[in-house]
Each structure stands twice: as structure tokens, then as C-alpha cells.
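As written, the chain order gives the labels A, B and C, with residue 1 at the start of each chain.
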């Protein structure tokens, strides 16, 4: 869906250190969870969208991502509007319906809280792509390593991503083979048949790919993977002044946000 | 001079199998030799390759007897990262052995693991890529390269670690003729220009005839013959036993010999064959 | 094939390997973990079941999570996390919990993997923490909310804490028992899947404050979905376990022999 692979796009955010972007992302994510007032989360959303514009990422991408979350957004909104225990009654819809816990009134708090939750969903869902689309994978990996994530874990991530194309072509071959044998319900077919064929696809795919692990293991160790010395990293990353500014801002935002919340602001 | 590769009656079986994948293998190779290993599929050629850098028995458990010494290292005692600096192993499937995101990272990977200084790594990567003819491809994705280019990147990867011995397991098995030719040319130059000892597993008999100084034949998990290519390709019984198809020029000459023509010396190249057959006409 | 056996020679034991432990994480070769992570990403691209309300859909990576513990042991947590982080960026519709979505699949793999490696105390503590975090949220004390974690988490708790059941499940899987392999894999899939979906439920509940009016009416559907996933996972799991044993992958053998 979103093509990241190696070379995320060249954007103005590319110059930033991966660590900065990762920390900024976490800050926004945490703040989105800390606040439950629609105004505050709207502020966060504005921040994310501004960054999106600065990075010159296509707006269509946001639409693509949010498309998948439309139904949950509607459900969240409806559940909160009807069932949030609000106090400011706006209008009366019906008599109280006890067994589903509906008071009969639509409340201001319910609407506000519903909007806040939907906005929270939007922020949470578009903030991660923002990081990844502006950070080539090797830089992302280096950022993780510099943030003390074990190198081996970062290695698993990059290796997995670079093995993906060969797995996908492998799975296409298996599907072709199954089509030849008359198994045609990958796309059509009822839900249960679809699941059965999926299972029939997964087993040979997993087994076939596992066979490659032998080659991969030999190839890794032939290139001294795990040598008992401190590893060099070809890629280098240094903080530039902008990085420091953004980092300081992020920390101030985070502390300020938490402080506001403790003082009772940012909630309903 | 001490031989650079010494196999001393090596037998190895994979875990949970009773049949050894290789049996009682002994041979020696001197530095600078170009050795080709040929034999039918399933004879244990890949397993033999894994012995060179200690993948057998260190990486794969299982039972091994005998000793392997390469460039003064013992594959039991010395760990694989140490051995990797002396033996470069290019495994059969190029696609799974390229697992980095850019060619630069890919070729630098081995040196990064060895903890070499950054500028040394960059120099070595550039040199290795130039040697295999892929300068300027540093920022490309390995998976987006053609099969032949991928295989040359795989060779550059081990070349960058500057090993004395290069072991290549069927580097051209999945390539088209042009790709194969380019890869084989790189392998031959590593031997002639850089003086590396080459141990090559291949089904490409034309190439064996053209470049190898010595040929080993592996059949049914045993080493059944060790000699110069012309000796192997003129031995009909041996070729049948190991189910090997010799280069077409040899096949022609062997066929002629069968029909009663007197061919004392089986030719290996087209030119030799032409002059041999011309000689027949004169006689 | 020639029948003569090689001359008997003393088998030489290899020296201790420091690099070997560096090539592994939680007992699994890194190559295997990377390959699982790659499979995981690929599986996340395939939607399987629509989800009422919850973000997007359930993809077949749910199957991968359910069986990961049996295939990789505790290492499953690492492979799932690595795959999950990338998958949720590439294919976000399978992850209801947004950027933290990878935690759910990590938990599923970790609980089942620990249990399979017979570290049942840790598995039990994690399972209790997962279920507990659901009840820490005041939302969860509303009408009928206690029903949500019940069906499969209960089975998971039973498998983890009842010794004869636990041992029977492990031996049946390790020995690939002809008949008992199926129910044993089913129970193991329950543990793996329960870990994942309870973690997801908890996180979604914390993030979006959905009240019982959402959870209770959709509960029958959830039980149906979970059952379907676990049943399909059982088929896949049995196939993969038998296939892997037959394939005799040399570097994978160590783990199976333990």
C-alpha cells in the first residue's frame, strides 16, 4: 500500500536525525493519549498535518489510510454520543432506555468526547507513516540502534523487509500452482472457503521460506555476523541545530502536556 | 610451500540422518590454484562448500570426523568470523544472501561486522564494486538488480573482506548466458589478477574446461577423481559414473574416438577441437 | 550408493562458540527470526475477516501469531515484533492499536512461546497481566464487560496452570503424536491467539473508551471470529510443524531436540 522499501521519499524532513523524528513521533502519540479534549487533540492534528505539508507528502495517502478506519470512527462517535455519561443535556431523543443504558438525552459532553476520540484515532493512525515515509530504512535502523535497541533486532527488521519481495513472488507462484489445480477462491468464494485456501497457501509458503533460512544463516556468518568486536556502521548520523531545536520542543511539549493534564486541563 | 586448503578424510552427516552427506573427503589445494568441483545434483557439493568456513560443523550440528584446515585456520577451533576473513563463501541462492537495503550496505556488511574503520570500509567497498564492474550502483536495492548483477554483488560482498580463498557454490545456476559469462569472467580475474585461490562448484563444463587448472569430481558423496580437466573430460567411464556431460567440443571428440578415429588428446576449447578435427581430415 | 563405511575415527567436538550465541536471540537463529518476520509482513497484507468497528480488518497475520509460539518458542516475540512494526506501517489496516499495534502480536507470541519452552511461570504472569490490564480500566467494570476476556483467555489460563494438561500439550506437540497433535495444537493456538486479542481489546478500550454498549453486543461475533482463527491456525500449525520436522533444517534442529 505505502511503498517504503529503502528509499523513502526525498523530503525536507530527510535531513533530520532518525532519533529526533522517532522521539517527536512518540511525543505526539503520547500527547494524543494524554488529552481527551477535542480542542487539544485538534491542535495536535494541526501540528501533524503541518508537518505532513512541510514534508510534501501526498494528501491522498491520508485518505487511503483513513479509509480503513471509517467504520470504527463512526462507531466510536455513535457509542460516545449515545452512551457517554454527560451532564449538559442538549435535547431529548426518547425516554430512558434502561437495558442499553441510554438516558434518552444527547449530551454536549458526549458529542465532544466522541469527536475527541475520532480525532485521536486520526492522529494515531497518520503519525507513524509520517516518520517512516521521511526516513529511509537504514537511517531508521541506525536511529533504533543509537537509541540502544539491540542491533540484532534492528537487523531482523531490515532483513525481513528486504526478504519481502522474494516471499511475495514465492506466494504468487504457489497461488498459480493452486489455480492450476482448480483452487480458485482466493478472491471470490465464501468466507470459510477463502480461509481454507489461505491455510493451504500458508503452509507451503512458510515451509518453503524456512528452507531459505539455511542459506541466509550461512551467508550471514560467512560475512562475519556476530564477530566479537564492536560493529562499525557505515551510515553516520549527527544532530544538526534543527534536531536540537525539535528535540527540545518535543520534550517541552511532552512535559507541558503532562503538566497541563495533571492540572486538569485538556480533559472534558 | 604449505597447501592453503587441506581436507583430511572428512565425513559429515546432517543432524537426524544416518547417511553422510559427504564421506571420507581428502584433498589439498595450493595457493593460487583454480579448482572446479563437478558432480551430479545431490552429491554433497554444497555441504562440501559449507566445510570451508566452518559452517559445517559449527553452524549446523551433526556428526563430523576428519579435519579441515584453510589458510592456517582449523575449522573446529577457529570461529566462523575469524575464518570468514580467510575464506569467502558465496552460497548458491543469490537472492537470500543479499539481505541489506542498498548495495553499499550489502557490500560493506562483512567489514562492518569486523569493526573496521569507516573510511577503510568505504575504500574496500568501492574497490570491490569496481572489480565486479558495478561501480555507481551503490544506492540501488539489491533486489532490483538483475540475476547476474546480484551474483556479482554477492561476490563483491566477500571480496570486500579480502579473503585468500573464495568458495563459490554454483554462482551461475540461475543465470542467462550473458549473466553467466560476466560472473565467470569476474571469477577468472579474481584468480589471475588478484591471485585468489578459487574453489568453484559448477555445472558449466565449458567454463571448467576454459579456466580451471584442476577438477575434482564428487559422486555419491565421495570424491572419485582429482585431476586436470582434460583428463576428466576424456574419461568416458568416469563421466558416465558421475553423470556429467562434458563440454560439447569434448563430446564431439569422444564420439569420434568411439567410432574408431584416433584422437590421442581430447581438446578442451573450440580452437583445439578445430585443429584436432582438421588433423583427422589430413590423415 | 557405496556401502563401505568410512574408517572409524574419534569425533572431534567443536570448541565453545561465542559467536553462535551472538547469532541467536532467545535460542532461535536470527536468520529464522528474520524469515518469520518477513513472512509476518507478507501475511499482514492479506485481509481475512472484516471487523465490525475495530480498525480495518483481521488479516491472516493473526494465524501467524497464533502458531508462532510453537514454531519459534519465546523468539516468536522478537520475530512478531520486528515483523509487526514494519507491517503496521505498510499495511496499517490490520492493526487496531496504531503505532503500538506491534505490542499485541508480540504478547501473543511471547506467552505461547514461553509456555512451549516450559517457562510456564513467566507465561502465567504475562497472561495474568494481560487479563488484569483489561480490568484495571474502570470501563471494564460495567455490565457484562467481564465476559469479553472470558472464552479463550480462560482456556489459556487452564493450559498454563494445570500441570498435566500443560505437559500433555507440550509432549504431544514435541513428539508429533498422530492423534493428540491436533487438540494440542488447538490449545496452543488458543494461548497464542488469546494473548494477542486480549492485548488488542485492552489497548483499544484504553485508547477509545468504548463502553459495554459496544463490547457486549459484538461479543458473539468476536467469539465466532476467534474460533475461526484458532481453527484455521490449528490446521496451518499442524501442517507447519510436521513439515518442518520432515524438512530437517540443520540449524533449526537444535531447538526441536531440546
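The working rule: a residue touches a chain if its C-beta (ideal position, glycine included) is under 8 Å from a C-beta of that chain, and two chains touch if they have at least 3 such contacts.
All values reported here derive from a predicted model rather than from experimental measurement.
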**Asked** Which chain's mean C-alpha position is nearest the mean C-alpha position of the whole protein set?
**Response** C
**Request:** Give the chain pair, either A-B or A-C, that is connected by more C-beta contacts.
**Result:** A-C
**Request:** Give, as an integer number of Å, the spacing between the C-alpha centres of chain C and chain B.
**Result:** 42
**Request:** Please report how many Å separate the Cα centroid of chain A from that of chain C, as a whole number.
**Result:** 21
**Request:** Averaged over CA atoms, how far is the centre of chain A from the centre of chain B? Could you give it in whole Å?
**Result:** 46
**Complete:** Among all residues of chain C, those touching at least two other chains are 18-20, 34, 250-251
**Fill in**
Where chain B touches two or more other chains at once, the residues are 59-60, 80-81, 99
**Prompt:** Which residue numbers or ranges of chain A touch two or more of the other chains?
**Reply:** 159, 161, 163, 212, 214, 216-217, 220-221, 225-228
**Fill in**
In their shared complex, chain C is touched by residues of chain A numbered 1-2, 4, 25, 29, 33, 65, 68-69, 71-72, 75-76, 79-80, 82-84, 100-102, 113, 117, 120-121, 124-125, 127-129, 132, 152-153, 155-157, 159-161, 163-164, 167-168, 171, 191-192, 194-196, 198-199, 202-203, 205-207, 209-214, 216-217, 220-221, 225-228
**Fill in**
chain C partner, complex, touching residues on chain B are 9, 11, 14-17, 19-20, 23-24, 57-67, 76-77, 79-81, 99, 220-222
**Request:** Quick one: which bits of chain A touch chain B in the complex? Just the residue numbers, please.
**Result:** 5-7, 136-138, 158-159, 161-163, 165-166, 212, 214-236
**Complete:** Residue set of chain C touching chain B in the complex reads 1-2, 6-7, 9-12, 14-15, 17-20, 34, 248, 250-251, 253-254, 257
**Request:** Please name which positions on chain C make contact with chain A in the complex.
**Result:** 18-20, 22-23, 25, 29-35, 37-43, 45-46, 48-49, 52-57, 60, 63-64, 71, 78-79, 81-83, 85-86, 88-93, 96, 98-100, 142-143, 206-214, 228, 232, 235-236, 239-240, 243-244, 247, 249-252
